[in-house]
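Presented below are the structures under discussion, each in the form of structure tokens.
In the two assemblies presented below, chain A is common to both, partnered first by chain B and then by chain C.
Showing the complex of A and B:
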């Protein structure tokens, strides 16, 4: 495995584009990590909120001095990139926006990837009814344009998600009690304990909760801000693609002799999937994931631009562009007077997405098993 | 029969394809005695390979075993493989029965080294033995004072495993990536064993080959690795599915000799699936000739070559090309198994076909001692 990794690195060094990609992505990683140094938060309790220097509607150009005495007292002197509508500091938003971009890109792709790996493996390997149900479900999601579906989901998702520990506790107890009993009665172990747990949940826990209402022990509400909703919506839109790709790969690799050979030495289904099929099926999705991190950020920026993305004043590149909406064209005498309001965040988005795309292309060349070691 | 290690009785297997139901095996009856090599010969598509896969009960879909019995003698007891749970079958596969594949290159997983793939079988089936050895090694290390904190921790886990292999704590531990490192010493022992296996396979420089990936191996070497995987747990029954078809002629001979020698060394019984009569004459003690999904004749290898009784066997032997004689082939083609011919499946290509041949299928009967034929020519009913 280590040799493979070294070999991959060697191949990577030989391709100039991949180096550019790596440099760009690591540049943003550095920005994201050093954000508190590069742009010290004015309000340490909420560093993602872009500070605003008064409430004046007209943007001010790069280099304008800061007027607000409180902000001046925190060490800020100048608006390096100017201000957007409402006197939001563009430099601050761009720096902290890198963190937002990584959070959206990496989390959304990671969630979709894990969901795709699990569901695609089950669907491709076992086939049959499960496959049919899962695939028709992905069809339904893929039938809608991604952006539109994501928009609908962001709007439809509730803001508060109650977590009722009482209900969770009852369900957990239904499983734990049979397992504890299983320690003393060997007849009730493993599968039987789980089945009994299910039986208790269905026969006792569910009627209890529905008839008597949830027990009043610790109900907390998870409060999702609109960025979390974007995250969930994009992951819900993203997983079917991964599931399909992995399913396709697994269907192909399932036919290989070495899978049959693994079965012939007595390997279990899970072992065959995890040890023998997935390592051969993973490369296309690794490529897909690295390309998707860029495009997910682009999608999130689009949602923010439409006003349903991150909360107001949140450091997010898409939202910064949405603040420039009224200032793109300012008449024929001085057409792009407020260029900095949309060009600067636009460049950040552009370079970030470009970096991931270059990296994805490089991965494609390096990891492609048909080109490898030729 | 008492000394049969494996016996297949009336095995039926269908493939459910879009064109229709392919009756791939139609009442196969075979038996394998302890220590012998049984050759299965026949044309392409007659069901040789599928018979091999059925014995391991790993027929891939759309194939489905529809009936029959496969008895394997495990520790003196006959068990029917077709009625067993998967958990039991998984312990039988690789330990009691193993399979050598036709194409060694595609039978090895490209992302693991040759050693890894042998280690996998060993760890799966020989865990107890390996743990004992690992413990011995740890004890030695402790005695010499070299053992670190981790080694002592591993020792505790191994001892726990020997006491109760299915303990909950071990099952949980084996799922956690870093905690799972206790397998390291175990795998190290397995690797030594794998190197030993490769040396037995007459592979030069096994210490190096153990760490090689399949694409770095030549065809012959890859096949030796595949054989090493198959023999790692010294199985009772070894099924070789045309193991030499994809190899060079010179390498073929080496592999054949290897299988023959190893069979003695590991005291296994071998089912050798092939379409090459030359290989059969070289390797086998007994031969079963298959045609369109059933065994038409089975006898000792000398009987088959000297006194073939079934018309198909005769035709098959006549079609072996010989220098100086005109090339002969069997008239007609192998019938489609979606709509197999009625009665005896060979009757429309048979020179001696009678009326009854098209009506009912003959039973396989012992006409001479140890010489079974499925043909009305040698059947009392045929008169």
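Showing the complex of A and C:
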């Protein structure tokens, strides 16, 4: 893997486009990290809410002075990029929007990637019925265009999620009990410990659910805002792709001699997967992830544009463009009068996604086995 | 295995996936409360006042599998629920709004496929020359543009700025004639065809003008995918032994590219056609919303509750189910065509 990494770096230095990609992505990382310095929040309790200078409907051009005395008292003097509908400050939204974009892109991809790693490994390594069920399940999710399924999920996900500590306990116990058994009784490690542990958990869980019921004291409600729903929906749509790629890689690597060798010296299944298979399987998946961050941000922006993304007034580029739409339609005499409302946030999304795509594209060319090392 | 056997086998294999698509949509309905689920069947205000009766009639509080049997029975009868935003049963709204979308798709798909294949070949043949770099950069840019933003920019430039290509489906005069004058016979629902059949050429011209910008938007977003796949499969094909043979026989470059390399390179490109369908379904949702075209995409977007209104659940679920089925069927067709073109698939 280290050799692969060095090889990638060497090739990347030769490709100008990938350098542009790296520069763009680093630029946005800096913006996101420095957001509180570049745009100090007016309300520190809720930094993602774009501050608004009054409620007037008509956008004002870049450089307009701020009128609200409270905002003036926090050190803001002018609207650098002007204001959108409702006097929302465009500069503030664009800067904090970088954080939102990273949060959506990185979190969604990370969740999908981890789910894909776990499920893909199980599916590819053990095969059989589990594999069949998981693959049919991915088939079903992949049978929908991503945006449309995400749209249905966003409107269907409930806002309040009661968290049952009892249920969490059961889930946690089904991981911990087999580990404890394996620790104290090494002979039972592996499959037997899992089965035994599961039996113990079920034996305790059934009386808990059916006899004790669920005492309300153990339940708290998790309140999701609409952006959290977008995150969950996009992750639910995203994991099957990773699962399939990882499964494919594992099926390929499982046949290699070194895996046979590890099995011959008696390494456990988990050890073989984690130490021998995954390090060799993970590389193409990481590339896929870097390409996916851009497209995930685009999907989230599209949902925001359709009005089912982030909450109103949230620092989110897609939503800022959707406000601007009315000002293109109505600007008959001078369509560019309100250019700052749609061009500035649009350029931010475009450059951000372009950066990730250039990076991913360079990676892909480097890794494409039919084109490499010629 | 003959082609017929292959087709039958594929169709049988697709049925479980289709059933899965239906089950997933049903699972989504279970995320709602029984009261919300009742809105699937409410068509009048009178029923609205007595939601409990609706819940009882459709057994919405019963165990999941009882509900599924009821829901699936309704589905088989074509009852996908009642759409508030479409003012009618979901299925009939879907059919009513389909022509506008079909018109858009009919214009953009051939352009995407032909232009994408042409540019992909051109790029591959001139690998690493300036032309290749320009084509690839343009395609990456197209891939990174938010569809809705591109649409807005096009409206600002070509409509608001130059006054050339208006959004929406028809101009106000044509709209008057088609929907209000009573002289219009809707044969197919496609303005282009109906315009000819009604002998009203000016409506055809008007409809074409309105299609320019949405088509450009859809094509820009879609073309990157085909171009990229065509380029890489052409590169692979150009490196094969039979190309060297063809060249050493003394064939011209043109003959080698058109007769030997291109045919084989087209096969992998076909698989992407399935993905293209998914892209189109997504694309029309955004494009129709931006350009205010009254097709199924904009209907779904409105139904999802843009602007903080209450979502029209039956419409969104009905549209998702439709999109899932279209996508599965499109992939089936691609598979069959693939086997038809490439004997290795069906014989292997």
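Here is the rule we go by: the second predicted complex is superposed on the first by the 292 of 374 C-alpha atoms of A that agree within 3 Å, B and C clash if a C-alpha of one lies under 4 Å from a C-alpha of the other, contacts with A are read in each partner's own complex, and residues count from 1 in each chain.
The criterion applied here is as follows: a contact is a pair of C-beta atoms (placed from the backbone, for glycine too) under 8 Å apart; a residue touches a chain by one contact, two chains touch by 3 or more.
Computed from a predicted model, the values in this text were never measured in an experiment.
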item: Clash or fit, chain B versus chain C on superposed chain A; value: fit
item: Contacts of A:144 with chain B and chain C, given as first, second, both or neither; value: second
item: Touched partner set for A:306, first chain B, second chain C, both or neither; value: second
item: Touched partner set for A:279, first chain B, second chain C, both or neither; value: first
item: Partner chain(s) touched by A:15 [first = chain B, second = chain C, both, neither]; value: neither
item: Touched partner set for A:74, first chain B, second chain C, both or neither; value: neither
item: First, second, both or neither for A:260, with chain B first and chain C second; value: first
item: Chain B versus chain C as contact partner of A:328, first or second or both or neither; value: second
item: Of chain B and chain C, the chain that contacts the larger number of chain A residues; value: C
item: Shortest span in Å between Cα atoms of chain B and of chain C, once chain A is used as the common reference; value: 13
item: In the complex, chain B residues that touch chain A; value: 53, 56, 58, 60-61, 89-95, 98-99, 101-103, 106-111, 120-121, 124-125, 215, 226, 229
item: Chain A residues within the chain C interface of the complex; value: 17, 136-137, 139-141, 143-149, 151-158, 294, 298, 301-302, 305-308, 312, 318, 321-322, 324-325, 328-329, 331-332, 335-336, 339, 342-343, 346, 349-350, 353-354, 357-358, 361, 368, 370-371
item: Chain C residues within the chain A interface of the complex; value: 16-17, 20-21, 23-25, 28-29, 31-32, 137, 140-141, 143-149, 152-153, 155-157, 159-161, 167, 232, 235-236, 239, 278-279, 281-282, 285-286, 289-290, 300-301, 304-308, 311, 313, 316-317, 319-320, 323-324, 327-328, 331
item: Sites on chain A touched by chain B in the complex; value: 4, 127, 256-258, 260-268, 275-276, 279-280, 369, 373
